[in-house]
Structures are given as structure tokens and as C-alpha cells.
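Shown next, in C-alpha cells, is the structure this report addresses.
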Amino acid sequence: MAFFRVEKLVKTFGGLTAVNGVSFDVEQGQIFGLIGPNGSGKTTLFNMISGVYTPTSGKVLYKDREIQGMKPHKICKLGIGRTFQVVKPLGRMTVRDNVIAASFSRVNSMGEARDNAMEILDFCGLTPVKATLAKSLPIAGRKRLEIARALATRPDLLLLDETAAGLNPTELLSAMNLIRRIRENGTTVIIIEHIMHVIMTISDRIHAINFGTTIAEGTPKEVAANQAVIEAYLGTDYA
Amino acid sequence: MDVFLQTLVAGFLKGGLYALIGIGMTLIMGVMGIINLAHGQLMMLAMYVTFVLNTMGVDPYVSLFVAMPLLFLLGVTIQKFLLNPLIRVETILPENQVLMTVGIGMVLTEIVRFAFKSDYKYVTTEYSNRTFSLGNISFSVPLTIAFGIALLFTLAMFWFLLKTDLGRSIRATAQDKDAATLMGVNTGRITVITFGIGSALVAAAGCLLAPVYYIFPDIGGPFTSKAFIITILGGLGSTVGAIFGGVTLGLAESMGATYFGMEYEDIVGLTIFILVLLFLPGGFKRLTKV
Amino acid sequence: MKAAGSKMKKNLFPLLLLAGLALLPLVLESNYFLHLMILFLLWVVIGSSWNLLAGFTGQVSFGHAAFFGVGAYTAGLLFHHLQISPWWGMALGGVFAFLVGLPFGAICFPLRGAYFALASLALGEGIRHIATIAESFTGGMVGIMIMPTFVSKVPYYYITLFLASLSVLSIQLIMRSKPGYYFISIREDQDAAASLGVNTTLYKNVSLAISAFWTGMAGALYMNYMGFIDPHVVFSLHDYSVMAILVAIVGGVGTVYGPTVGAFIMVAFQELFRTGFFGLFAFLGKATGVAAVTALGDAVKKAHVLGFGILVIVVILYLPNGVVGDWEKIKRNVFRIHPAK
Amino acid sequence: MNLRSGVMSAFAAVLFALGIASGALAAEKVKVGVLLPLTGSQAKFGEIEKRSYEMAAEEINAKGGINGSMIELIFEDDTGKPDVGRSAVEKLISRDKVPVITGGYSSSVTAAAAPVAQQLKVPFVICTGSADDVTEKGYDFVFRINPPASEYPKAVESFLKEVAKDVKTVVLLYENSAFGQSSSKSFEKDAEAAGLKIVLKEGYQAGAIDFKPILTKVKAANPDMIYMVSYVMDASLLMRQSKELGINPKLYVGGGAGFTLPEFAKSAGDAADYVYSATLWVDTLPFPGAKQYAENFQKKYGSDTEYHGAEAYAAMYVVADALKRATSASAPTPQAVRDALAKTDMMTAFGPVKFVSYGKKSQQNKLDTYMVQWQKGELEAVWPAKVATKKYVYPTPAWNARK
């Protein structure tokens, strides 16, 4: 069985179908890319996986267990961490306290939580700003904090939603570097990304959707050459 | 049957007045997203204006033309100098504006108490007690007039919001403040005008209530509660909803008073309020899509 | 080193304050000031409890009078119906307030922001009406009257001091542990908190439960100390629900000691105004013979609620984080002390 | 830094002045503490009572005060809240060291203040607070001049027994306040004992806009009598809307509270005509000084007084009388004043005052109550017959039969 699988996921809002029968498998240790134009349903997928939305139909299977419709905090406890496209820092807490709060999903004592947090902050390169209030971080710092917080919940599967958007080239490089190191530590990653060269470089497999349905899946090379993907991104004129 | 009909009529007439109180609140809540806990106090102020004018021999219906502009100005001042500055203030609780209205309500009440003491004041007119009857059912003349005027104001507001540029700007701001700003609406100005209009409308309610009720500094509080019940019932920002909300509350209170007992009047209102909050978020607006 | 020193200082100050408060009855023989201190400490409990739910967990309740009143009525009714000492009501008052908190939370917590505030306000008012109407059970507006146990204020003072210290200490400890971090996470962003494994519904209810428990204890103590309650007194929207908010706002929302400072300011403020600065105006008027001074004194006496209102407006405009939260700002602007750079 | 030291020295000056303020007033005076609501929603009556106390104290001082020393009244504002009322009592006793406290307007403040006075052993002479409980606890330092709430309808009961014998059915409406709930309860009990049938009994929240639904029910019940315990503006609305609906019982009776106030008649207009009310006092009662008190009050303050004022006025005389008897050579002690109060037996403008024990009550003044009726805009005493200024109009003429 697959480590993680979604089966024919459907989500409708009123009369609008945001996701329409998407299925894919993710193997343990992969970096799995999810691409698609704006409004194609990627974030809705993430919200269904992480429990924010209950799917209209379909299944989400994680380590052979159906998890669709579970509450977000339960899903977090099962070992699925996520970041938000629009970052949600716990603004009036310090960077360290943000990560400590997340650490409490695994430990109960203050001492352990603090140790876990320090380790993660160090891993993510946030130690220098640990005493800064999260709301006063620059955007790159906030994105990094999102990841650090998600990591502090010790996930086996990490959902990254546009972590690279808004970063300058230097920041991009170090972000990609961080994602690779996360995978090296044994965490499986599903990543939504718009910046093509980022996703093409780091992903092992890529799944492309448009208008809520799958249009392609394969290695970065295969997907990049796929006619439907090119059309979706560039419009039919360029095909 | 008579008991039922009389209750129905009483509830309906009272509901018209409630609607007028509710429209101002619904606009303010819809556009600014804040609960104005000084709404009843603004009405109280208008009632005192009516009272003072009445001692000079001015009819309450004439004092509408004085109280409404006065309260409009007061509303504008409050929004401009006390509420809008809070948007820029960094605080832990986003409800700061609501808490500010609590403070404003206290100040208004106490200033009036200073000026007029806690005594009950009343505006007596020769038509205060006048009634007419249809069959066995008696209608209070001033309440019927109030109902008519409330209906008139609601229709006017409906037209204003739908057909005028300013009205459209207000609706745009209520729907999405950021988008409205991007479309070139000066949302700061809109909130100021909206608060002014809301205050003027509740002032009208005060003038209409004055001949049938009485006036004292603490009268605001209960009407503030009624106003937010009406607003939640009707749905935020919906003028037609406010009419529905007002009449529903009026009817529910009257029916509750007749068939449960008068002491349950307020509980009936609060219960409906909680039920709507829980099971019909968005109020009647959700049902009618108006 | 410096950081450690300042931390020591931070912990030392409350201890010194506590020691001072514990010794107070030895130097202060006036029952009157002791009574004011008891009121102050009572407000420390209520304000701190409200602050836990609103300031730390972000759920702005306009219905805390419900818990205060339930606590008071637990003590009162135990005595009224069963002749059980209202002191038993102290423990039970907290428990019953907690129990009332369960449906309260179930109704209000699905709602967010202003809707939460409105629902809590409606529930608080609803329970007052019920207590008024259920005459045969609660005694209605006739109220419940008991003879206070102690003649001296000193036992009440120490009991209230104990309750106040315990509640503040418990809140401080909570805020330094897992639930505290979870409360603040919920306040800052419920969705983010949930994604980090926080069961937001559970922890909101935990916060409410603790808050209701302490508020209920305060209510039961009020019954014991004041000897009289009726629904309009202990379920009062204005005197308890709103006042609890004002105490916290003035002192500093979301700070552990803010409500303590706020409670002191509010109680002192009310008494200063009510008595015309302890008769200072009347005395000055008499001494100088200027009628205007006496008149001013009378005006001040009458203006205490007006003063509250103005205080609230000024604090929200200029000290939105309260005296404790904006202490640096106050030091800068009022005392003109600039931190050495 | 300068500013800071300035603040400090100003603070020190204030403290110093406070010290003088409390010290300087200890001249040769007899202090009397008065607890009243001077701000807040009950301030109207607090003000009337305050003026009455002041007027009485001036009269007593003009006649030589308490064996030569002048009475000094120390008013404390209870703002209508029990905890504040308690602050006030604590201050009066421990800072001002008064030998006696009087006043007490609202039931809740009085009920919270009485135990304090009892425990600290300072006599408390209540002039208005009417909760029955207060004099049922065996407090030997608490005295009450006015009757408790449950006794207000006494005169109504005798009127029903002797005049309105054909009244068989009664509707009872009352506001949900301490006074409303307790006096309606005792009226119900007594009415049923007298063989009357209560066909409808409804409480309501003070401040309702519209009594039509309930009055429609009343009309359908068609009672012989409507008994209402309401405060002044609810009273006025009840009568105005009864007129609108044309409800015609044999008599409308108010159970004290709002129905006797001038504002009731003014705001209800002709709807107030023929309405009866229970009351504790009117200025036409044949008590020495009653008429004069009302006239002097009107002259001095330019506004009317009513029974609350008379209670306060009488309370001052009762306290002064006790102080005189308690003051021999030294200043009066609270204990001496209490003992003197217990022996009080005097006549006042409010009626005879003597603190007695009966039923569960102790140290309670026992007074007759009266019935008044609005006739042509004037409040006339009509019952008992021996104090009547006009004859009662019974039964009440139907609305459409009036001119």
C-alpha cells in the first residue's frame, strides 16, 4: 500500500466544483510537486488533506487509514504538518514561542517543548531571530517560520503551500536547500509551487491539475513536456 | 380570537418602531463590522431633543427635522474622532471599537443625567392616547403613524442604497472593504457617513417613540439590545432584513407576553436571537437573498 | 546576566506586593480601607478570570456576570434552601459556574469575534431574567439575605487575598505551560493553531472553564461577604460583565498583572469620585470659603460614572494595551524617562 | 525628572490635606450618617430624602440642636448598588465615627448595609428600604420607621371588606422588582384568605413599551378589580393603554410605588382619574407638622415632596430625639443611641413612631396605611374614612361614561 494516497477527491461549494475527482499516490521519502494555474484547486486539496474542509466525496488515505473529514488538530497529531499560502504567524508571540506552541503537539512539558523548539529553530536557521515577535518578521522569515512550526509537530508528511512565493533569489536558494534537508531527515513532502524552476528542480514526481481535474502526472521532465500542462499554463495559442 | 388579533396588531406596530431602530444598526454593523453598543443611547439623546423642543411647544413629528440632522452630526463626529482612529491602533483585542462604543454609551448617558437628572420626562401630545378601532381591535394612533414613517424610511433607505452613487459605495464597502478601496471608494469617508445615517435613523425612532413612551437617561441600554437582536435576525446590512427582524421581534415579544406571560417577553427575544445565531447565521437575509 | 537579573526583579515584585498586602491589616486598622481592599482583591479575581478567556484566549465575553451570579447564588441558595453554610458555596460556586460554562461554551464557541461577544451578552442577560422570574427557587428580586459569619474584616480580607493570589498564580502558571501557549495560539489565529495540533474547541472550553470557576468563586465570596444578593445585583450586565472588561482593559489585556492594576485603579477611582476625593473638595471649599470649590466637589461626586466612561475612551484611544501593556509608553510620555541606550 | 518630583509633591500635599480634612471637622457637633442614592437611577428620591433630612436638621438645630450641640449630617452616596452602599457604611462608621446611621432607600442596599451596622454595633434607622427580611433577622441595632413591603396593601384590604364588597375577581399585575414581587405575593395571600378570586397574575419587566397584549388578556378576564404594583411610568402606560382598550373594572388600584406621584397624573392625563392607590402618607393626614412639612418643602425647594420625603423628615426627628436622650454629659455612644431608640415613643409628621416586635419582626414601626384616589387631577385621601379629605368614588365610572 501507498504511504499516502488520495482517491477521487471531490469538493463542491454551493454549485461550484473546486476539485473534481483527483487521485494520486505519494511514496514515503518523496518530494511530490502539485502544480496548476491559479484557482485550479490546489489549496482546496491541501485543505481537504489537512482537515480544514470535509471532502464532498472521495478518500484520503494516510498509512492505510482513512482520514478524510477528521479535524485539523487530529490530522496534525497523526503526523501531517502544513504551511499556509497566506502565512498565518501567531503574531504577538515570539518566533521561539510560535515553535514551542507547535512542539506541544508532541510533548507536554515545557522543558521538552523548549528543547524541541531550539533544535528546529537551529535547523531552519531562525535562531538569530528567536526573540523577535512573529508579526515583525519580514516575509522570508515568516515563510521560514511557517515551515519551522510545521516541523515542530514532527510530521511524517509535510504539506508546503507556495513557500517560495515572494522570496528573492538568495532566499529562494536557501528555501530549496531547507526543503531538501527536510526530506533528508525522512519527512515526505507535498509541495505546491508556482515558480517552475523551483518545483522542477526539487520534485521527484509532479501532479498537475486544472479546473479541479488531473491533467498530467509524472517526473518533472515528463510533465514539462506534457501538452495539456503547457496549454494550461500558457494558453492554447502557444501549443 | 380578539386576544390573538389584538396581540398581533400590537406586535406589528411595535415591530415597525423596532425596524427603524434596527436599520441604523444594521447599516453600521454591515459597513463597519462593529457592534454599536451605544445605539440605544443615541436614540435616548434624540428623545431628549424631542423633549426639550416639546417644552418649547414643538410637535414631536416636527422635531424629527431637528433631531435627525443633530444626531447625524454626532454620529459623524463619533466615527471620525473616536472610532476611525482605532483602526490604526495596534491592540490585542480586535473588539476595541466595540468596547469604545460601550464607553461612548456611558458618557452619553451620564452627560444627559447631569443635565436632566434621573427624572422621568414625557412628551404629551393631544394624540398620545388616541386610538381608532377596527372591529374590536384598537390601534394606537401614534404607533400607527410611527409604523408608517418607519416603512417610509426603510423604503427610502432601500432606494438610496440601490440607486444612488453614495448608496452603492456604502454597499460596496459593506461587501468588501478592501475591494471598495481599490475601486476608488474613500472607505474612511463612507464609514463616517454611514455612522451618521445610522444615528439619524435611530434618532427618528426616538422622536416617534417619545409621544407614546417616556424618557430617562438609562433608557438606551434595553434598546441597544433590541437593536442588535433585530440586526442579527434580519441579517447584517440588509434594510429589508431589518424590517423583517423588527416585526419578528415585535410579534415574538407580544405573542410571548400573551401566551407565555409578560415576564418572558425579554427571554423570548433572547432565545430567538441565540437560535438564529446558531442555526441561521446570516439571518433572514439568507432565506430571502434580498 | 542582565537578563537573569531583570527576570529576578520581575518575579520579586509580585512577591513583595503580596507580602505587603499580607501585612496590610496589621498597619491599617480602618475597616473602611480594608473593605475597599477587599473589593479591590475581588476585582483582581474577576478581572484576571475575564482576561484569561478574552485577553489570552481571544474570546471577548460580555457575559461574565453569569458566572459571578451563579457562584453567588450557589452559596446563597445552599443556605436559603438547605441551611448549609454559604462557605461550602465557595467551592461549589466555582464548580457550578464551571457547569454553567459548559452549555455557555457550546452555544458561543462556534461563533467568532463580535458574534461571540453578542451571544455571550445575550446569555448573560438571559440568565438574569431567569433568576428574576424563577421566584420560588431564587427568591426573585426580593433576594437572599444572610448574616455574615465574621464581624471583623480581617478574615474576609485574608480569604479574598488568598483567592486573588491563587487565581493570579494559577493563571501565571497556566500561561507558562502548554495550555497557555495554546490559548494564545487560538487568540492569534485559530486556523493556524488547529494546524499545529491544537484542539481549539477543547482549549477554548478549558479557558472558559477556568475563567468561570474563578469568577464563580468570587461570586460565592461576594455572597458570604456582602450578605445580600438579588438578580439585578449579581447578574448585572453593567456592574459585572462590562466592569470586568473595563478592569482588564484599563490595566492591560493579555498581561498577567494587568487586571490587578486595573482593579486597583477602578476601585480607587470610583471611591475617589464618590467621596469627592475623600472630602478634599468639601474641605477646601470650607477652608477657602469659595463656593465654586464646593460646587466643583459636588459635581465630581456626581460624575463618577461619567468619569468611568471618559476613562474608558481615553484608555482605548491612548493606552490601547492598558497601563501595564503600555507602561513603556507611559514612562516615556508622562514621566519623561527614556531608557538608557 | 522635574515633572515626576512635581507629581510626587502634589501627591504628598493631597495626603496632607486629607489628614487635615478629616481632623478639622471634629468640632462640637453631633454627626449623623445618612445613606442615600444621590447618583444613578434612584437619585430622584435620594434627592427628595436628602432635602428632607436637611430641612429637619436645620429646624432641629435652630431650636438648640442636640442639647446645645449642632447636628452635622454626613451624606454618603450609595449609587443604588449594595457594594457601594456598604463602602459608604464602612466609611461612616470607621472614618467619620458616627454614633448613628439613617437613610436606606433601595431594598438591596438596605439589606446589605443592615448586617454591617449590626455587626459593628452602630444603630441604623431605616426610613424607606422595605424588604421584609431586614427586620426579621433579630438585629438589635436595626430599626425601621416605614412599614415593610408586605404591609402596604393593608388599607386596600379593609376597603374591600367594608366598601367594595361586591368585588369577587381580581387581576394582579406587578413589576419584577423586590417591592413588586413581595407586595404582590402578600396581597395575593390576603386576597385569597378574604375569598377573592385571582383570575390572572402576571409579573413584568419594568420598562415595557407596550402592555397591550397583557391588557387584552385582562380585558378578556373581565375582573372586578385590577391591582397593579408598578413604578410611575409603567403605571402611567398601564392606565393609558387600559383606557385605549376600554377596560372597565369596578376599581383600579395601585399598590403604592408609582401611582401616588405627581408625574403619574401628569403623564397619564385623564387616564389617571379615579385610580386608587395604597400609600403610606399624604400631607393631609392629621399628624402634627405634616401639612407644614409639605408646604415648607415646596417653599424651600420649589418642588413637591411625597411620602418618601416624609419618611426621611420623620427619621431625622426620631434620630434627634434618641440622640437627645442618649447624650448626657459626654458625646453619644452608638450603644446609648441604640438603647434610646429602642425606647422611642413619639409622634412625627409621618405618624406615630414606636419600635415594636410582632410576628417575625422586631424593632419595626407599626403604621396604618391609607388609600388615596385621583379625583380631577388631585390626589385625595379617601380611606380609612376618618382621615378622608374627599369621599371615594366607587365604582369607577366606565371610560365611555366619563365626560
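Per-chain residue numbering starts at 1, and chain names A, B, C and D are given in the order in which the chains are listed.
One rule holds in what follows: contacts are C-beta pairs under 8 Å (C-beta built on N, C-alpha and C of every residue); 3 or more make two chains touch, one makes a residue touch a chain.
Everything numeric in this text was worked out from a predicted model, so none of it was measured.
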* To do: Starting at chain C, find the fewest moves between touching chains needed to arrive at chain D.
  => 1
* Where centres are the averaged C-alpha coordinates, which chain has the largest centre distance to chain B? -> A
* Between B-C and A-C, flag the pair that has more C-beta pairs in contact. => B-C
* Asked: Using CA atom averages as chain centres, what separation in Å is found between chain A and chain D?
  -> 73
* Asked: Where the CA atoms of chain B average out and where those of chain C average out, how many Å apart are those spots?
  -> 32
* Please work out the Cα centroid separation of chain A and chain C, and write it as a whole number of Å. => 44
* Distance from the mean Cα position of chain D to that of chain B, given in whole angstrom -> 37
* Structure fact -> Two or more other chains are touched by the chain A residues 92
* To do: Would you please write down the residue numbers of chain D that are in contact with two or more other chains?
  => 39-40, 176, 203, 205
* To do: Please set out, as single numbers or ranges, the residues of chain B touching at least two other chains.
  => 92, 113, 263, 266
* **Chain-chain contacts as defined at top** => A-C, B-C, B-D, C-D
* **Residues of chain A defined as touching chain C within the complex** => 50-52, 71-73, 76-77, 81-82, 84, 88-93, 97, 100-102, 104-105, 108, 110, 113, 149-150, 152-153
* Structure fact -> In the complex, chain C touches chain A at residues 176-178, 181-182, 184-185, 188-189, 191-200, 254
* Structure fact -> Touching chain D in the complex, chain B uses residues 2-3, 6-7, 10-11, 14, 17, 113, 117-120, 122, 124, 128-129, 131, 138, 140, 209, 212-214, 216-219, 222, 254-255, 257-258, 261-263, 265-266
* Asked: What residues of chain C sit close enough to touch chain D in their complex?
  -> 30-32, 35-36, 39, 129, 132-133, 135, 140-143, 145, 147-148, 151, 222, 226-228, 230, 232-233, 239, 270-271, 274-275, 277-280, 282-284, 287, 301-302, 304-305, 334-337
* Residues of chain D that touch chain C when the two form their complex -> 1, 3-4, 14, 17-18, 20-22, 24-25, 38-40, 76-77, 79, 81-84, 86-88, 90-91, 93-95, 107-108, 111-112, 115, 118-120, 131-134, 137, 176-178, 180-182, 203, 205
